[in-house]
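Look at the two complexes coming up: chain A is in both, with chain B in one and chain C in the other.
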Partner chain A sequence: MLLPWEYGVRNLARRPLRTLLTLIALATVVMLVFVVVGFIRGLERSLSTSGDDDVVLVYSVNSEENIENSAIAAQIPALLTASVGGTVSRFGMTHVSPELYMGTRVKNELDEAGLGLVRGVTLATPLVRRSVRLVEGSWPRAGEVIVGRLAAAKLGSSEDAIALGKTLEFEGKQWTVSGRFASGGSAYESEIWCRLEDFQAATKRQDLSLVAMLLSPEGSAGEVSLFCKERTDLEIRAIRETDYYASLQQHYRPVRLLAWSVVVMVSAAGIFAGLNMMYGAVAGRVREIATLQAVGFRRRAIVLSLVQEGVLLAASGSLLSGVLALTALNGMAVRFTMGAFALRIDSVAILIGCGVGVLLGVVGALPPALKALRSEVATSLKSV
Partner chain B sequence: MALVELRGVSKSFQKGDETITPLDDVDLSIEQGEFVSLMGPSGTGKSTLLNLVSGIDRVDSGTIFVDGTEITELSRSKLADWRAANLGYIFQTHNLIPVLTAYENVELPTLLLKLSSTERRQRVELALEAVGLSDRAEHYPRQLSGGQEQRVGIARAIVSHPKVVVADEPTGSLDTETSEQIQVLLQRLNKELNITMLMVTHDAEAAEIASRRLLLQNGKFVEREKTVLVPEDQTPASGSVATQ
Partner chain C sequence: MKSVYGVLIAGMLVFVVGCGASPSADRTDEPTSQYLVDAEPSGAVSVGDANASGEDGQPITLVGLIGGSTEPFVDGLAAFTIVDESVPYCADEEGCPTPWDYCCTQDQVKDNIATVKIVDESGGPLAEDARELLSVKELSKVVVSGTAQKDEQGNLTVVADQVFVKKD
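Let's turn to the complex of A and B:
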């Protein structure tokens, strides 16, 4: 038989200050867990949603995995269209997107400069990058750009600084913001897009970084890859876009491992907070615990009651942090090397955060509870 | 067989390098409905005996039977269950749970019994009524006087209708007037409810309320005769006592 639920609840109010401080400590720990898990989930989401299984990327073999370093001849899109079948084509427009992509210093009207990611695109680009949606304004004309939802975070500027009608300066040229786009949390959202020919002119480049091709169900990435391997003179390679971002996921594996290590370390710190509180709570109740045993409550019931106290406190901390994380953290933009992504407090993050919270309560309460029960009942009954 | 029966019970403690044996091969029988008081100098093993009878301490050798159950053979969990159903414990320092009301404190032991909520409520109300604290049911221990706390402790000890109630210096922390009230209460419960009681006390006056008085000396029990206060006008020296 368990002890009454009220016993655990009211015990928390016995030392209000200590309970409050522990609650804050536990809530902080769980909040940190939410931040780190939200970071990992956001990064994973950004990389996983960036790839489209039907899209093949063609870029330079010499650039390794970094498309920014890629430079391929301007005639390659035409060569690919002519030589490889299976590309989607509608209303006379082949869904092949030649793109010039590079990181460059971008300055806003307030003279604030940051490293931006700029992509020179054509009208075929949104046909190939199917997740991209123009959410505000219009497609860029000459001297205009559209900015992704997280471009401001990537630049380290305010949203107002890159609002519609504002002017940006990069590659020695002024560009007016004509629109904003979103792409379901993918990496493009941290980019600035402008017309390919404008960007080529500004950067004094005639080449491209890559070609993205949308394959029809009859098309085959293997066929494109075979073409690239046969035409060694072109020095290009082909990779399915999902595989490209999967390889980037591998690239960020150490970052994710480090982040998970932080989760473990932060949780361990939280366990000490819980232990400290529960040792304090139990130390002052040795006689009371012995009395419960003398009355007839089994040791298991008393341990469960003490664990219930710890879990109740930790769950309250988790709930508090969960609400804060969902309202304040979720969607918060984070800058990183290949762009920006939004912290993602999704069901998995909530589950992990709250799970860690409950674990803190259990692990923090068990050792003090077991210690209290190790004492002789007869001796404990007379303790002060 | 008596309700409580100790046969050849011994118990030793290690204190530093020294071994202390407060109980050495003792025998004791307590009949149903008896009120036994146990006195003796400090360290003679009175509380140890109480703890052995209540199953919160273990004998080194010997056996203890309570209502036919050999409690010295029971496991720790079984002993807990046995205490819940058969034993009431009155503590010197009341030992009420501070976060629970008087009603909830009395209710605690009944949670361990298979009772309906109505039956449980009735038992708690009757126990509180028996100790005269029905109007303090919703008070927390900090809102009660020492005597009232001890009454709640007594109600908690009798609420599960135990076979035996053990009391470890129940008046030890109370003033004289309150102590007398508690003694009267214990005596009344013993007589009216026929509760078997074993009480350890240092207070000779408190020991007198028992129907049988024992003195623990050198690890053995000595029966004490009841002492009565002789009226002053019948004796040359005032306040003297005589034996019955």
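Let's turn to the complex of A and C:
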């Protein structure tokens, strides 16, 4: 015969302070798991949504995997357009975007400075970067910039400091914020965009960092790559944008592995804390457990009831953390080397967080429950 | 107990048959490309010499090693780059994961590299990966015969109609 469900629930209410403290401890552990898993999922999403399968990037062979270090000749977009077919062209506009991209120190009106990512763009850029949407304001004119949704996080400043109409200073020039853009969580959201010619003038550079080409269904990334190999004098290489970001995923693999090991360590610490707490809880109930045995309840039923208490508490802690994570953590901007990304508490994060929480309840309750049942009933009944 | 031995013996037989079958399977998978030849084309010149003296539109036969960058092959196309044999690349004991990129001798690669491509009837690059078409890999030594294409900047491309893979 099993113990009634209400018995375990009432037991939790009988020791409210201990229950509350345990609940807070379990919720904290699960929250830590949410933070780390949300970090990993956010980073993965940022890199996976940043590439467009139809876009090919052409940049310098000498820049390794880092486009910020790339410098290619200004005539390359024209050469590519003339030599390689298969680029989308509509209403006389070829979808080829020459861009100058670099990290530079950006200062706001409050004199707060941070390392920003600035991209010099043309009117062809939004045709190639199809995920980009202007959500506020207007496309930049001379001396103006538009800022990504996560640019403030990248700069380490407040949203107000880079609001519309505010002034930013970089490369020795003042720039007025004319708009804000979003791009579905991709890496561009941490960038600042201005007109290519303005940025070239400010940086005193006439070259480009890269050329992004939008290929039509008939186009082939291989043909762009072949052009780059044939023109060894230009020292350029081509890569599909999705492959570029996949290589960055590889680059950040150690970070992700480290984050996953943090999840395992936090969970293990949580289990040990849970064990400690449950040992304490069960130790104070030795007489009660012995009495239950004396009145005829089987050991298995008592263990189940104790596990039920643990799981109930852990599930409550997980739910509490889940709600907090979804409302407070989800979408929170995190700054990192390549830009910024938003913490992502998605279904996978919820599943892992709550799974760890429930596991804490089961694994934390089982050993102390089994230990308590090993004692003789007569001895336990006499214990203080 | 007998049945256990029976299962073990049967398992070992399957294992042995499985191992024995693979060479013949490999043989049937070997590429039979019309561009791949069994006899080495004669009169091959080095990539460096061809870069210096080759002329646009002339027949040419080159010998070199596949390499010159981290990815010398063009994905999905029958095209790759070759480098002059005289240019040294990282030795095995140096532990370089991609010796075919000539990372330590890039300054010498510039004048000793050529692009090889195989074209289809329309003149466009053949849409078959060279690694599968010719059964070659990075640092394979090849002798290619075809027509030279040289532009004003001195970039050399061979439109190959014959490829011989040298076995070392």
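We take it that the second predicted complex is superposed on the first by the 373 of 384 C-alpha atoms of A that agree within 3 Å, B and C clash if a C-alpha of one lies under 4 Å from a C-alpha of the other, contacts with A are read in each partner's own complex, and residues count from 1 in each chain.
In the analysis below, a residue touches a chain if its C-beta (ideal position, glycine included) is under 8 Å from a C-beta of that chain, and two chains touch if they have at least 3 such contacts.
Given the structure is predicted, the values throughout are model-derived calculations rather than measurements.
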Considering only touches as defined above, state whether A:Glu230 meets chain B (first), chain C (second), both or neither. second
Which holds for A:Arg298: it touches chain B only (first), chain C only (second), both, or neither? first
Answer with first, second, both or neither: which of chain B and chain C does A:Ser220 touch in the superposed model? second
Going by the contact rule set out at the top, does A:Ala82 touch chain B (first), chain C (second), both, or neither? neither
For A:Ala142, decide between first (touching chain B), second (touching chain C), both and neither. neither
In the superposed arrangement, does A:Leu17 touch chain B (first), chain C (second), both or neither? neither
Let me test your reading of the model: by the given contact rule, A:Val61 touches which partner, first (chain B), second (chain C), both or neither? second
Comparison of chain B and chain C by chain A residues contacted: B
Touching residues (chain side chain B, partner chain A) in the complex: 47-48, 51, 54, 56-57, 76-77, 80-85, 87, 89, 91, 93, 95, 97-100, 104, 108-109, 111-112, 156
Given the complex, residues on chain A that touch chain B span 1, 3-4, 6-7, 10-11, 13-14, 287-288, 291-299, 376-378, 381-382
Given the complex with chain A, which residues does chain C contribute to the contact? 69, 74-77, 79, 81, 110, 113, 115, 117, 124-125, 127, 151, 153-155, 157
Can you list the residues on chain A that touch chain C in the complex? 61, 220-223, 225-226, 229-233, 237
